[in-house]
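Consider the two complexes below, in which chain A is the common component and chain B and chain C are the respective partners.
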Partner chain A sequence: MPKITIDGTEIEASEGRTILQALDDAGLLMNGVDIPHYCWHPKLAVDGSCRLCQVEVEGIPKLQIACDTPVQDGMVVHTANDRVKAAREGVMELLLINHPLDCPICDQAGECKLQDYAYDYGVKASRSKEPRRALKKNVDLGPTIVFDQERCILCRRCVRFCREIPKTGELAVFNRGDYSVIETFPGTPLDNDYSMNVADICPVGALTTKDFRFKIRVWFLEEVAGICTGCSNGCNIHLGVANNKVYRYVPRRNDAVNDTWICDAGRMSYREIGAPDRLRECMVRDESGRLAPTGLDRAIEVAAGRLRRLIASKGAGVIAGLASAHATNEDLFTFRRFLSALGSETSGVAVVRGKADDLLIKEEKAPNGAGAREIGFGDARTVVDRISSGGIDALITLGHDALHESLLGSEKPLADLDTVIVLDTHASELQRVAHVIVPVRHAAEKLGTFVNVARRVQRVVPAVESAWETYADGEVLAKLGAALGLEGFDGSYDARQVARDLAAANPAFVGIDLDSVGDTGRLLAGSAASGAER
Partner chain B sequence: MVISKQTRSKIDAVIAKYPQARGALLPALHLVQDEYGHVSKECAVEIAEIFEIRPVEVMEVLTFYNLFFDSPQAKHHVYVCTNLPCSLRGARGLLRQLESQLGIKAPGETSDGRIFLGHEECLGACGYAPMMRVDGQYHEVLDIEKAKRILDSLGE
Partner chain C sequence: MLETPYVTNYLTEHFGEEDYPTIEGYERVGGYRAARKALTEMSPDEVIELVKIAGLQGRGGAGFSTGMKWSFMPKDTDRPKYLVCNADESEPGSFKDRILLERGSHQMLEGILIAAWATGASTTFIYIRGEYAYPADQMERAIGEAYAKGYLGENVMGTGFRHDVRVTRGAGAYICGEETGLLESLEGKKGQPRKKPPFPAQYGAFGMPTTVNNVETFSHVPHIVEKGANWFRSFGTEKSPGTTVFGVSGHVVRPGLYELPLGTMLSEIVFEHAGGVPGGRKVKGVIPGGMSMSILPAGQLDVPMANEFLHERKTMLGTGGIIVMDETTCMVRVASVISYFFRDESCGQCTQCREGTGWINKIVDRIERGAGEEEDLEVLLDVAGKMEGQTICAFADAAAWPIQGLLRHFSDDFAEHVRQRKCPFAESFEL
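Our next item is the complex of A and B:
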């Protein structure tokens, strides 16, 4: 393994890596060693077009670009001496010659590399007297992205992204020299399942998403580490939060899960959090057969009363539980304990399936199918079959995924049940048949863990608080268990404690708690790659 | 299919000369432009199919070089060299006179789309300056009368 010295510190690099890659591998890039760069991206091929990452390598007369200079044993690199700084200033001056400097109205302001590096390396005034390039503004590149050709510094990250990641290759550089522009083939828009990542990797304000642009200045956003709940891949994200509202999801780097990417559908799933169809109050069906709003205590009381009456007449065997793959492990473990203590014998987890690809998008359209199965919930088909054969009188369901055509198909099979208790985030047809409804928290509003498709346990933390009363599923089940006098239920719910109980009860979760999973997750015990991170 | 059978077989013949088909992209673009005077969007799509690359990649090459055109051009292309040796021998004056003769400003084309007039950098004929290139043909040791006669002799 070659050893190289960067600004006096020796680091070990892997054979065949370039200086920037070696620094990135060592976790030092922009985290101790600041080498400014535009075109280089850790997950894209080396381009070498922006020239900003020039460094001095002892023994080589000219400055070298760190992104494309392979490491050699004994190499001594200087990243911050006067010569390097002067070169960076020169490059910045050239890059700024044609840039419009419209920061006050640019949506990238605040997270713009051109702004940041101009602050670090910019010259005070432009020496250029020539007019700036007049190019196309506000170009509609496709369904998700708007392009400003004048702001573009031609780093070609977006071009390489489209060719290398979704492999759709919509973007290209047309013309030559100072006439160069990014373009699409006429009539072929930028339209793929990952298109919005180009806005993340664009170092300037040239590519912005139609969804987020002009919504809020980014410096008002607090970036909360979380997990996308769109599918079982569990892509790591930052939730952009301000005024107790989630404005966007952006991918958070985790090389073991999603590199630096997220699919467009997952990115847009933030809109579920504040959706108008969120359930906002507890509801109980009254004597007239109408759902009437009520408080949580009354809802628990009604649910417990109905279940108690059924158990007395027919036993707990007629009660079924449908888990949701949107619920956390802590919710699901509480549900599992609840159903066992109750004596219910029928349970399963409902998961909606859909289109998958070989990049990030997985078949299960919920974050925690693997966790639910690990905690002991089988296929929801068992529950559906027992309902249709008439063996079930009461159903406790988390979420409404069971309504999907692959399972119940509609709420109708539930119409004849004596009792339907629904814990859900959003409104659904279940409202037509439910006797008790309790609004529960979205993943962005609670603390807990999910297990992704590769058996990685990952954490969500409350990023926002709903403006109305909501509860974690586990909290509702704990209260219901206490109301029913079930063993081991005192009505309290603490996700941290439940996670510890789960680790003690289930060998797969050994050593995993809400602190030890950290921001990047941990594999379940017994996983093939356990212990050795990819 | 937009590209004619003859041109297509010429393209195939060129491709056979290269270890990788892609190497023949430039000659193929020349062949198509020779046939149509420019490389249309439709031709670019067809070339992309032949070379098994994306149309946008054909456009990258096509737009990189000024001597490829992606839209219909004038029938005759007249380029006057205005590099130093030609300029010393009166090329700029010659260009101005041709501009007023045709009633256009270089680079630009006549309203009937018959003649495009432009200037060009060195074409390597400095010993015979001033010179111009008309439809790929060099005309050297020019004066205005000779240049006018050449333009007049151009067909429709």
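Our next item is the complex of A and C:
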């Protein structure tokens, strides 16, 4: 392995990596060793055009661009001497001569690399007396993105992204020289399943998402590490939180899961958190047949009463459990224990399937199908079949995915059941047939883990508190278990403890707890190690 | 009337003969003997060695050793290898390749054939600038004749060697003359130079090993093969052997082409061959090698036209396109024209080039309009300095050098514009 010396510090690099890649691999880039860069992006082809990343390599007369210079054993690199600084300042000055003085009204302010580098790499007052380029503002590039041509520094990250990642190639540089502008090809708007990533990788405020722009200044946002729940890929994200509200999801780099990308659908799924159809209070069906709001204790009492009555008359075999692939492993393990202690013999996990691609988007439209199966939930079809054959009188369902046309099709097959207990985040047709409804937390509101399609256990932490009373599914089930006097249930629920219990009970989860998974996750035991497990 | 250079030498001596552009005419004066000799009597390595010893330097502007360049082509490879003939000739002040294509089409084809044998190339792409319609027609005709005679195609001259030649037309972009910009354009993409490495010899046209040479470079090759390295070295200087076709334009009595040995004095070309400035006016400055090279003031024309001497005066031979300007010329106006050209032709990838060419052009125009300030001159030099040696291709250097040269030798013109707050030259045309 080649060793290189950067500003006096020796680092070990892998063969064939460039200087920037070697620093990135070592976690040092812009985190110990500052080599400012615009066009280079760790997940896109090298462009070598912004010329900002120039460094001095001993033995080579001209400055070299760090993004395209392969490391060689014994290479000595200087990133901060006067020559390098002068070159950098030169590039910065040239980039700024045509850049509008938009910062006060620019939505990128606060996370703008032009602003940051201009500040860090000392550009004095502009010497340019010439009029700046006047170009198009507010260009509608497609359904998701707005473009400000004047702010663009032509790093071409967006162009390469469209060509290399979704491979849709909607964007290109038109014209030449300082008349160059980014545009879409006529008749081909920027419209693909990953389009909004261009706003993340645009180093300036040229590309912004219609959804997020002008919502809030980014410096007010706290970025909380979490997981997208849109599909079983479990893309790593940052939830942008302020005032106890999630304003956006942006990708969080995890080379083993989603590199630096997320899909548009996943990104927009943050809106589920504060959606108007969130369930806000417990409800029980009264004698008149109407759902009436109530407190958790009463809801548990009613649910327990109904279940107890059924067990007494028909035995626990008529009770079925439908797990949700949106629930955490801790919720599901509690459910699993609950159903076993109860003596229920019928259970499964409902998963909605949809379109997949070969990039990130997976077929299962929930984050934890793999976890549910690992914990012992089979196919929800078993449950659906037993309901339609009349063998079931009571159903405890987490979520409402079973309503999907591939399973129940609607709430109607449940209409004749004696008891339907629903733990859910959002309203659904289940309300028509439910006897007890308990509002539960969204993944952004609780602590727990999911297992993604590649058997990686990943953690979510509470990024916001729900504005109304909600509970973790596990917490509700723990209380219900206690109300029923089930063995091993004392009514308490602690996700950390449940995770430890799960690890003790299920060999696949050996060594995994809510701390050891960290922010980037860990593979279940017995999984083929992935390349990024370093 | 047939166009021939005013002064001819081995490259152009037959250009006045009516049938010389045809294969019959060319063969009558000994054409294709050199190719036959190379293909039947010499190994590829021997050809490369010969061209190296002869010291042929590329005539496309950079002056790189042709034999060396050929030797970079990989030998043991299953991939097809290509040659590219750079006939994009877009450097303002250069018009030598045009006549070499029109009148010397077979001479160049023969050079290509020898180069193909030396490098093992299977196909040559002749990339001709879009505006060169007639030269392109002439090349197509010559290629047709060569195929018909069996000098191109599956079995060249019965030797079993296969070589194909195709003409590709550019669309009129200067940057498509830069060899990797050319390759992109050849592949049907936007003409934007590639990062190097990898160099074309590793990753060239369509990703295959490729050598790019200029029209004139190929044209010298048959003569070297036929008459030998020593003969070739009898022309020119020790370091810069051979002749070249100088193109003289601007304020001279006889603008046109002159085939002269490298090392001929610039003053001799301007005053004796081209007849000096008309109307008894004096020379003010001369650009020696195409617009991207630094200008020389009237007092520095006693310089041999070869890189080893021109370097000492901070300029280069370039394409040998000599542009003469007399004492009525406003050098700020010259800077304006030059900087406009480079602003317009920059491909726009690199920050320094994209932004620098535009900024320089805007400053120069402002000075010419009489709105310049003293500190602008400093900024001009500084920006030009920042463009040098820091970009993907040499275009940015080519844009910076002429500005640096004008400021080096004619800073008085600039200062006078600033002082008088207008252009002091009566004859300077309107902006």
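In this text, the second predicted complex is superposed on the first by the 529 of 534 C-alpha atoms of A that agree within 3 Å, B and C clash if a C-alpha of one lies under 4 Å from a C-alpha of the other, contacts with A are read in each partner's own complex, and residues count from 1 in each chain.
In the analysis below, contacts are C-beta pairs under 8 Å (C-beta built on N, C-alpha and C of every residue); 3 or more make two chains touch, one makes a residue touch a chain.
Source: prediction; values computed, not measured.
In the overlay built on the shared chain, the residue A:N98 is in contact with chain C alone; chain B does not reach it. Using the contact criterion defined above for the overlaid structures, shared-chain residue A:L63 touches chain C, although it does not reach chain B. Set against each other, chain B and chain C touch different numbers of residues in chain A, with C touching more.
When the two complexes are overlaid on their common chain A, residue A:L486 makes contact with neither chain B nor chain C. After overlaying the two complexes on the shared chain, residue contacts for A:E183 are found with chain B alone; chain C is out of touch. Touch criterion not met for A:C53: it reaches neither chain B nor chain C. Legend: residue contacts after superposition of the two complexes on their common chain; A:R127 is shown touching chain C, with no touch to chain B. In the superposition on chain A, A:I262 makes contact with neither chain B nor chain C. When the two complexes are overlaid on their common chain A, residue A:N175 makes contact with chain B and with chain C alike. Under the contact criterion defined above, the residues of chain A that touch both chain B in one complex and chain C in the other are 173, 175-176.
Note for the complex: chain A touches chain C at residues 46-52, 54, 62-63, 68, 87, 90-91, 93-95, 97-98, 127-131, 153-154, 156, 173, 175-180. Within the complex formed with chain A, the chain C residues making contact are 173, 175, 190, 195, 343-359, 362-363, 366, 373, 375-376, 379, 383, 386, 389-392. Chain A makes touch with chain B in their complex at residues 169-176, 183-188.
Across the complex, chain B meets chain A through its residues 41, 44, 54-57, 59-60, 63-66.
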